[in-house]
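Structures are listed in the sections that come next.
Okay, so chain A shows up in both of these, paired with chain B first and chain C after.
Moving on, here comes the complex of A and B:
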């Protein structure tokens, strides 16, 4: 029988597309990251690891990592926990579940740029609703809280422009915007848990909600959790639009909100330093790859029971 | 060890009434089977007994104590589910340990890491109990495996092990054998019956398979349309059904039903031949004949063999009768004969009917009794 090469024709389109839109850009970015290429230049010099060295030594990039990790390690646990909590609460409802689902999912659907403008108004130091509301609490028992008393004394924080608060405020908006998405994933996970397992748990003497959660819900949500955590990590590493909307001039007060995606944009697009931009991209890709590998490893090891 | 009583249980799902005023008493140590076609409410009744479902009306008593308002976890019953409902992330040993942990350990003792330190001696006890139950069920070599790594039969045993590792007052089983293959099912029937004898605990068993009910139970309750039609020992249900539906449901191959008539004097006739006397009804009746109540003979109704089922130890012949063929469509009778019978397909045969074992039902399905005197006369 003559050897057939038909199979190559079947996989060729997929291979071709994967190469052109996934692998080629990565290779190009990888190559660029070792040069000092700028858009419009005819050539570029090979600079070796200079770009990477800069990323890991300069204080700007130290701030970049600081802001990124602060954001990620606030947003990921909070969105996962709130998403799970909201899903559990909604799942336990017999009525109005759809209403709450819609409410919590709205921020996910809304255009983040538009929402950023709304938040900018809400968090405005003098006319914003947040500080106005806080001021109403002055003179009440809340003043026993030192931080609150200070706020009443002078002013409440400039949420978006104080460098001690800016990254946390942006993270808060990230949480607000992101947990509805996780909630939907968790709701899907919850509906797939067989009801008989809860009945078995009840017969086995799991009386409290916590017992049932420990014995059935949490383990059965394992695969969902791994997926949700990974997605949340990747999404929060990618945070860009809020930062760009709040701080178009670059990274917020004292560059405290200078997250990686924004750094890539600023270096490569605004300042036309393609080499360093590509290097940050490669580092970024490294993080995401690392997380994905951890996820695969966790999924294979622990959460699939069949 | 407990006597279980259900009184006046009614349950409706929306408009559909699933259980209609059910009364059931189960004695201490008895093996009672609830059997019926799917949708008859047997599983719902079991779940009401377990407490997983609330009855609309009626009471559940365990050992004389009203538990209607008590949650399942506090009724001290153990249940084996049709799908086994094993915790997929826990090994068989941990699955079996779960009811013990939840019942015998305090909350602090159940904490991960610290717990086992706090309750070291207790944990040793519990592990011994698990091992003991596993040995009873011969699954001690599977204790370290996860449910996903077990075969259907092994999972079934693990589920059984989780139920019997503690000492519940009664075992509830919801079609536990229905996911097993035929051979294993027959094997597990014997094993469950044996287990029941050994534990001498109350078993309430739900199945749609009349063979399981006949082979294992002390008493079986035949349920249909949300009611218990008849409850009694298997041989009584089989030989003395009170209702046409019960007679039709129990027995394999199913009972033969032929149209008969009762004359004004009370004489029962089948194909114009008198076979006995009955009281209580005049006119058309249904005459039920078990395959073993019909035999080949030199005289009697004539028919032709259309199918021959060889089961090895016995042969079932399907015979189409000549009588009635013209008026009401052909009647088909299944009869049991000894193996090695020379009768083959297409042969013409004559049938004898054991009138003493004929069951007569009036058109609404209720059973009519033969009068004793007439039975003697026929004999």
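Moving on, here comes the complex of A and C:
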């Protein structure tokens, strides 16, 4: 094979950009996280682990982790479960399956910031369609439900501005937006399961639908599930659009929706506290990389059980 | 598989006599889900048609009554009342374009997404080809680096990137919107996997014909990769058209550089209570191009968006 240096020209731009855009920032964030740097200042003081100490002791950051983990641990299981449920239902239909698939995928395509603004209207306490619809249910059998009767007596929740509801409402919108994506991944997984396996399972005595799911479908979907769970984690950790749209200042009622990406934005961009922002960035990257490495490890073990 | 074939397998199984009820229950559940999924889209479209008072009182059904109403802003400008009667749907959509330079925002969105995609291809394609088909010292190391970089979400390192761009004075430029996305390690990985399946004979034949490595990339490999590139393009364009976080950070105040999501956000920021209609019209204008494209080419879109699931 003739020696040529073509490969150098081919990989040099990509290598250069990988270093400058992906690796250098991590090194920079790592370094800045030990300083009290602000943009516009000439220098910065070395503050050691002060920023990290703050993140793990101050109550603001306790709220940040609380909000982030509440969001993530609602959105991930819900989007995975609903994605799988919708995929199973649609896959078992004889007709109209594609129609549901299209509808459920719409939120994935739509700009989240636009849909967040629409949701804010829909959830508006007085003119919003959600509470208006709920009020129509007053006086019917629904009032037997204690929560509903309370809503009819006084008012239905202020969803986005009530401290007890805010994070769950934002999480609901996260689920609304994300489960169609998982559904499509699961549908792809389902179509790749060979039909013979079901026949074989039936011959071995797997009579009920649940048996078929437990013995064939679920194990065969193992690799899909590993991927779906990881990508759901990474996507939901990065939630920002909805939070910023609803609460441009301060991260919601009593900071109950103060998620990590918003914290980075507020501390570093709005308040110019680069050191603390960099420290949150590093912690954030730690989470995301840890999750992805677990995923790769699971995939490489070629396990079918999660 | 066709409907008939599916149905026949069902008839053969033991579930035949309860088939209709179970099917009906499934449809009921899925329709309920569809209502919740479609609710905000319904609200968005409906409000973009209606007059302010209809929105506030929740009347007028989906399209509103489309009765003429008085545009107070027009009267404030000193026009006669008769000249200021407007039809809601027309008022909403014209206000969307007049109140903010929406066309400019859409143009910016187009410039940014298309530039990002083209640069991603120009950088990723030769690199993917070298990793898949050329032998050179350090190839495994480079590929290892690509695999490592796949772990890094660009949004997560937005802060140090912002500091770097600010240091070289590039914030509030198109460059700031584009630069962080010029390298797509995912694109490199994807193309490399695709090129691995291209037979070596094809490349050897091209070399025999005296083609340079450079023209092999663009004249031989590129055409074979069109389907994969289409999927990747959809993935890239959807992600960056809808992206709000990064533009929000690097574009501070210069409205000429606003992308559609930023424009909409600003609209919301100074909405004065009764401007819901035009705002929803803006939201529609931003969301509908992608939705329409998706409805026209569903299969390709789903392929593209879920591309990351196929590693």
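Rule of thumb we're sticking to: the second predicted complex is superposed on the first by the 284 of 306 C-alpha atoms of A that agree within 3 Å, B and C clash if a C-alpha of one lies under 4 Å from a C-alpha of the other, contacts with A are read in each partner's own complex, and residues count from 1 in each chain.
To be clear about the criterion, a residue touches a chain if its C-beta (ideal position, glycine included) is under 8 Å from a C-beta of that chain, and two chains touch if they have at least 3 such contacts.
It should be emphasised that the depicted structure is a prediction, and the values quoted were computed from it without experimental measurement.
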- [ ] Answer with first, second, both or neither: which of chain B and chain C does A:141 touch in the superposed model?
- [x] neither
Open item on the list: In the superposed model, which partner reaches more residues of chain A, chain B or chain C?
Closed with: C
Task: Partner chain(s) touched by A:22 [first = chain B, second = chain C, both, neither] - done: second
- [ ] Using the superposition on chain A described above, determine whether A:215 touches chain B (first), chain C (second), both, or neither.
- [x] first
Open item on the list: Considering only the contact definition stated at the top, list the common interface residues of chain A for chain B and chain C.
Closed with: 207
Task: Of chain A, residues touching chain C in the complex - done: 1, 4, 6-7, 9-11, 13-15, 17-18, 21-26, 28-29, 32, 39, 82, 86, 89-90, 92-96, 98, 100-115, 117-119, 121-122, 127, 129, 132, 176, 180-181, 184-185, 188, 207, 224, 227-228, 231, 234, 238, 240-241, 244-245, 248, 261, 264-265, 268-269, 274, 277-278, 281, 284-285, 288-289, 292-293
Task: Residues on chain A engaged by chain B in the complex (per definition of touch) - done: 194, 196-197, 199-207, 211, 215-216, 219-220, 222, 305-306
- [ ] Using the touch definition up top, name the residues of chain C that touch chain A in the complex.
- [x] 3, 6-7, 10, 14, 23, 26-27, 29-30, 33-34, 36-41, 43-44, 47, 55-56, 58, 122-124, 126-127, 129-131, 134-136, 139, 142, 145-146, 149-164, 166, 179-180, 182-183, 185, 188, 212-214, 217, 238, 241-242, 244-245, 248-249, 260-261, 264-265, 268-269, 276, 279-280, 283, 286-287, 290-291, 294-295, 298, 301-302, 305-306, 308-309, 311
Task: Complex interface listing, chain B residues touching chain A - done: 50-52, 71-74, 77-79, 81-83, 85-90, 98-99, 102-103, 146-148, 162
